[in-house]
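Each chain carries a letter (A, B, C, D, E and F) given by its place in the written order, and its residues are counted from 1.
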Amino acid sequence: MFSEEKVNKLVAEISDNYASEELFLVKDGSGMPNRDCIKHIIFEIRRIMFPGYFDSENLSNTLPQYFVGHNIIRLHKELACQIKAALVQQASEENRLSDIEEKAEQIATEFFMSLSEIQRKLIKDVQAAFDGDPAAKTKHEIIFCYPGLFAIFVYRLAHELYKRKVPFIPRIMSEYAHSHTGIDINPGAQIGEYFFIDHGTGVVIGETTIIGNNVKIYQGVTLGALSTRSGQLLRDVKRHPTIEDDVTIYSSASILGGKTVIGKGSVIGGNAFITESVAPGTRVSVKNPELSFTDKNNKNKDKEIFD
Amino acid sequence: MFSEEKVNKLVAEISDNYASEELFLVKDGSGMPNRDCIKHIIFEIRRIMFPGYFDSENLSNTLPQYFVGHNIIRLHKELACQIKAALVQQASEENRLSDIEEKAEQIATEFFMSLSEIQRKLIKDVQAAFDGDPAAKTKHEIIFCYPGLFAIFVYRLAHELYKRKVPFIPRIMSEYAHSHTGIDINPGAQIGEYFFIDHGTGVVIGETTIIGNNVKIYQGVTLGALSTRSGQLLRDVKRHPTIEDDVTIYSSASILGGKTVIGKGSVIGGNAFITESVAPGTRVSVKNPELSFTDKNNKNKDKEIFD
Amino acid sequence: MFSEEKVNKLVAEISDNYASEELFLVKDGSGMPNRDCIKHIIFEIRRIMFPGYFDSENLSNTLPQYFVGHNIIRLHKELACQIKAALVQQASEENRLSDIEEKAEQIATEFFMSLSEIQRKLIKDVQAAFDGDPAAKTKHEIIFCYPGLFAIFVYRLAHELYKRKVPFIPRIMSEYAHSHTGIDINPGAQIGEYFFIDHGTGVVIGETTIIGNNVKIYQGVTLGALSTRSGQLLRDVKRHPTIEDDVTIYSSASILGGKTVIGKGSVIGGNAFITESVAPGTRVSVKNPELSFTDKNNKNKDKEIFD
Amino acid sequence: MFSEEKVNKLVAEISDNYASEELFLVKDGSGMPNRDCIKHIIFEIRRIMFPGYFDSENLSNTLPQYFVGHNIIRLHKELACQIKAALVQQASEENRLSDIEEKAEQIATEFFMSLSEIQRKLIKDVQAAFDGDPAAKTKHEIIFCYPGLFAIFVYRLAHELYKRKVPFIPRIMSEYAHSHTGIDINPGAQIGEYFFIDHGTGVVIGETTIIGNNVKIYQGVTLGALSTRSGQLLRDVKRHPTIEDDVTIYSSASILGGKTVIGKGSVIGGNAFITESVAPGTRVSVKNPELSFTDKNNKNKDKEIFD
Amino acid sequence: MFSEEKVNKLVAEISDNYASEELFLVKDGSGMPNRDCIKHIIFEIRRIMFPGYFDSENLSNTLPQYFVGHNIIRLHKELACQIKAALVQQASEENRLSDIEEKAEQIATEFFMSLSEIQRKLIKDVQAAFDGDPAAKTKHEIIFCYPGLFAIFVYRLAHELYKRKVPFIPRIMSEYAHSHTGIDINPGAQIGEYFFIDHGTGVVIGETTIIGNNVKIYQGVTLGALSTRSGQLLRDVKRHPTIEDDVTIYSSASILGGKTVIGKGSVIGGNAFITESVAPGTRVSVKNPELSFTDKNNKNKDKEIFD
Amino acid sequence: MFSEEKVNKLVAEISDNYASEELFLVKDGSGMPNRDCIKHIIFEIRRIMFPGYFDSENLSNTLPQYFVGHNIIRLHKELACQIKAALVQQASEENRLSDIEEKAEQIATEFFMSLSEIQRKLIKDVQAAFDGDPAAKTKHEIIFCYPGLFAIFVYRLAHELYKRKVPFIPRIMSEYAHSHTGIDINPGAQIGEYFFIDHGTGVVIGETTIIGNNVKIYQGVTLGALSTRSGQLLRDVKRHPTIEDDVTIYSSASILGGKTVIGKGSVIGGNAFITESVAPGTRVSVKNPELSFTDKNNKNKDKEIFD
């Protein structure tokens, strides 16, 4: 029943859609960056950052310099290739390919030269998780299993590329971590050391958020914008809050707005909804969470809700 | 220590479980639909909808009719085969296999004939995302990375099969998107054009929800039922709300109940919990989010919570 | 530009990080448990628990004892091997390898001998889901598609290993389910029969939670700790609530604290934030969810939020 | 330069070739047997025949009945499916699908019921190889590595299907072994016990060959037809020789013709070219292999050949 | 025991080998052609040439133009890419990359435009095999299983590239077929229509061989050079024989030398060793294949050979 | 029709075969060496031997020491593991596992320390092929495509393990090359430098063969034993010929016997069958290859053969 006539009709309609929409004009002769390749780079860098955890064989113990050297040379080539693909999509006609290649090579090199510093930060993030979660049996378990650490790790990589204005790739990275963990950290966010996200599902950290050192947040926390009605006009405006050092934010709290500052050492209670700044050292809780307690057998107007 | 005696005992117990439970009676000689095949169909249709984004080579620029024609013929066969498997599981004994095959073929054909219209809707969804998110650099980035768009795309496919009463497959599709994005749109929901979900993790849109055009929702929003205590008795009853055109619903708001209507152009604030209708053009916010602000060093009865 | 000098410098820095950090000392000669193998075990046990659903061919109908016997012998070996790897990582120097192997073998055997009982519990969980969700068309659909059932299934496996103090593997299992479903059930939790989680994204169930029979919970529910400021000092303390039989907890409710008990038959409304015990048979709802309803065109101080 | 015009031209030409040639009329709606599936069946049966050699884990030691039972049930289904596909291609219009399915099922069953006898023959073939080859270190090595044994193993499977007149599949099997080993045994040949082929590359054993027990042959041996000028007219005529018990045939010997009989206990020397029968107990050698021995520096008319 | 010292020593030695040998100077920044990609192209073209045989689904029956069009566009791109890689390796410094790309594109286009003619030749080759082999049940079996046809098919593709002086790729193709079938046809050979190779293992057809129409050859036949002592000095000299129309060459015959012509309609017997031309219509057989027939029990000087 | 009764019967028969045959007693708890792993080692060492040819990216140009170092450490571990598996199968009960592990480690280390010398030999083999084959366009083509070089490469690896009496693995390696190229070089053979095999299909080189430097052999050549009637009694006896330096052996020649020596600089013509020694500098050709030349139309008694 999928007759020749129907097939031809559908082919014509979709071809027409292609022809009429600028969206479909991915640049001819050059593909988009390759998502699987970028995932691969993430996982391979994780093997370098945390040697022995994700190998079937613990190769790094023996003469680790060969393990490290071989892999960074290999991954540098792969990343430079992906960055080039991303830059080409964004390039205008007057950009020369050789300039783009040189820029891609340079960004990839800077990215890799930042890895040992990122590694030192991740060690601190592991410590923060161990100190912050009584359910953590060992630091090994955190490295091996915790989605929060994975999301932070990917963020720290993506942020290095975001800073260098690489298109597509930082977002591919952060959306991969988002899909895997339910934690959505925009690569533009600025995040300090000893950062810990527990459980994490539903956490959103917006593009212009600034987070200090030693901050701990729980599942469902939003660090967001107040309104996005103005759309693209808000681009590059600081729309998300600033969280100072030593702040804890419990589950499902929302902190909104580019001018909102949570002062150093504050503690924000679960479900709090905050749109204005909070002074340092403040403990904020949802006051009198006014609940109605009724006997279930006492039929009343709540019936419709909870029956 | 996993002795012959223990193995035989366990085998007998599990075989007994099989024998005593109707659940295990998947129809003999015919498997359930194949999940991997259905994922494959989703990804291949995405390549047709957004040509050039998810190919390693941009094949569609050259004579796109061959690319489109070949792939729809191939995918039509695969989908018809999966629909048949689903229908067989549901069929009673008097259904003839040839009738089932014909019905599967017909549904697959109708599904494919709807694709160009779905493609036009998706282009509008992309526009809505670009207009609604200042963090979006380009429309390409939305197509390539945004989980909200992916969830809507899958919903629009699944809904076509839901309308035609195909068992299993719409739900497999929507649960795949749910797993991937944290966004759970029941394939039965009815959703208009220019729809945008930002971040998305934790969004739930129930089976009998109706959503108009130009609606924007954020992470953690529930469009749900008031109560499901009556279980299967509620089947086919409208249990979820109606959202009219031009409504924005901010993060973690809950709108519950089949009679609840959010009027055209309303704006629902974050964390709002709504169980009754709201007039058109209303701005609803959580009033006086009563918070307690205390000095952290001032030990009080909140201590236990935030210590 | 990734010059010999730069490569050598980076290699030296990362090698130094390796040398200075105890974290990297995964035990030489023995890898961590293998995550892919553990996923494989989960999926293969699922094929035994629900025969016919996840096979391309329905092999179990014909002489199921061969299907069951072959697979449990095979999987028992694989699991014993993974448990051994986990125990080795945790072992001190005086532990003998043969003792570890024997212990791994014993735990794997006990685990498998519990499978028929787990299977009977899962059948009840399927019934609970069918009774509790009007959108469920058939029990088959629940087994085949529902993320809540998958999370409970994985929890029931992981809990058996947690009880026997196997390191790493229970957490790898639960984090796999968490990543797949957005539902984070710590393997230490104790959960009764007829358990149902609907939608599920964002659900967190802490390590020392106790849940009775016939409990139903929705997306975004947290069964958590009041505070974790004391970190590792709280290890093994009961930090999470007790939920008695026949309780329903609607979406995004938070129930916190190790002394908090939700009495038998209670119903907790959506968004409720509870830190103290609730008597049996109580219906708790967010009272007067004080909302501000304003005309959108009436510019007021809410403007900043919802503009 | 692969212009629209050229593409369209080539598409038209090839489509015309399709339309004009009966060859292309593989029956609609039913594919040919699947080569990869048939390879899979060969390798899986090898695991049953020689347990422990080709498994990563030696599963058969523990309660082998589960290992054997599970695998024969599974493989029986796969083989019946392939036989059905082969029979369908050959069927005429009056054949009913249900009859074909029943026949496929029956042939697969008979095939499997012959496996224990084939296994006993293979054990004798292994013994023949060990006795016949001083380079063989152990019988294990023969099972694990020897191409001759592999070719015989595949022949013994293929012959069971040939006897039952299954189209395509016996030839697919024998050509797989041919490709893998360079040994081409037509599945129609009749071969006795204790059969050994050493090295094997280039061995050809024709369709109507009959070979007794305890025969040993070397690389490059042809057991062939005298002439095939009559083509299809010779079908089913005995065209290939008979080799009686206890015969050895050294490398590159050719024995041709359907009436040619090599009598019991004969030994055929390397390079012999035989077109007539040989009495039992005869030793045949290439007599006076007349060679010219010249000094290389003595230029003569052989120059052209060996210069 | 693989100490740091030993590793460093071996690394230094191999690095020295790299540095001192020109062989290792594969051009920087551009890999060799990719063998797996070339195999893929061969198999995909086979699906176009013989539609329905090697697909799991017979896609070509429905609107074959889409199947053909899509695949030739796709494969044209892949082949052009491989040809470019091959040309780059061979290019000197003054060659411009854009010229190389254009040439690769042009050769790929010419190659594809020759496919319908090749397809018509292959249909004749199938007919030749069916007419020539009484063991062939159907033409389908020949297409599906016969190694001779596969070798000819690959030769016909490789020859088109050889004619256009593409480096590496024709040889990769022919060596793939050689490995798969034991038939070694140099892509430079010129071969007419209705060509059939039976069994085929050990067949060698040299680079400058010329073969007419309707020729049939058997396993082990060599069409070779007389001597190659002069090595590279013989490049481009005709070193291999000419076989005129309607010739049959039986197994293991050798025909050597560039001036050797086998006249039209001749028949060359098995094991014949021919270094001079043969007149048309000649039947050549190994005359009096002088064999010694002795009783095995009669010990004589042949003993050493056949004992 | 594959009834429960039949399945149970077949299971019992095969289980009986297992129980009664020593062959099936692969040592419990330890598998055979893994064939795929050994193939992997071969291909990875090839990448080190010929850098840039078989990588998709040419990684070795940049700081080759990291490429080499990383890969030899990795492959050394893999090979030691396989050698251990092989030694365990062969070990008697009094062997201690730690001794076996140490021996495996030592052999693997010696093997790797021989690689730079093997690499130097392979470079000479490449030169020999280029000098010897006018059809070779470049040395690159030989490295990339020639089956003869591949067979020699694998032989040179396997021989190092054979010398150290590793069971199974040398034979697995040589049979892999045999299957791939049709060239069967027993790993026990001793072969000098500048060795070249052209075409190669059907070449057999026996276990106790000794070959000098600068030897060239063609397809179908056998360097074999006179008789193997004595079977295992001949083990370790020199059964295969000695070929001195600078010898050429043309296609399909057979040289048999452990006392047969082909003197330095000799040339052996195609199809020669030699069982006694040949003095240095001799040119051996098949004298007067007596052929019968008859007119095809002249019906005579040859008719049966060539009709």
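Here, a contact is a pair of C-beta atoms (placed from the backbone, for glycine too) under 8 Å apart; a residue touches a chain by one contact, two chains touch by 3 or more.
Keep in mind that this is a model prediction, so the values were computed, not measured.
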Pair exhibiting more inter-chain C-beta contacts, A-B or A-F: A-B
Rounded Å distance between subunit C and subunit D, as computed from the means of their C-alpha atoms: 53
Gap in Å, rounded to a whole number, between the CA centres of subunit F and subunit B: 58
Rounded Å distance between subunit A and subunit C, as computed from the means of their C-alpha atoms: 23
Residues of subunit F engaged with two or more neighbouring chains: 2, 7, 11, 57, 62-63, 65-66, 69, 73, 182, 201-202, 220, 229-230, 248, 252, 256, 271, 286, 305-306
Contact graph of the chains (line, ring, star, complete, other): other
Which pairs of chains touch, using the document's own definition: A-B, A-C, A-E, A-F, B-C, B-D, B-E, C-D, C-F, D-E, D-F, E-F
In the complex, subunit C residues that touch subunit A: 1-2, 6-18, 21, 23-24, 26, 28-32, 34-35, 89-90, 167-168, 171-172, 175, 178-179, 182, 184, 186, 188, 201-202, 204, 206-207, 220, 222, 224-225, 228-235, 237, 239, 248, 250, 252, 254, 256, 265-267, 269, 271-274, 278-279, 281-288, 304-307
Contacting residues of subunit B [partner subunit E, same complex]: 57, 59, 62-63, 65-67, 69-71, 73-74, 77
Touch list for subunit A against partner subunit E, complex: 2, 4, 7, 11, 62-63, 66
Complex contacts: residues of subunit F adjacent to subunit E: 48, 50-58, 60-61, 64-65, 68-69, 72-73, 76, 102, 105-106, 108-109, 112-113, 115-116, 119-120, 123, 126, 130-141, 143-147, 180-182, 198-199, 201-202, 218-220, 226-227, 229-230, 248, 251-252, 256-257, 270-271, 275, 286, 289-297, 302, 305-306
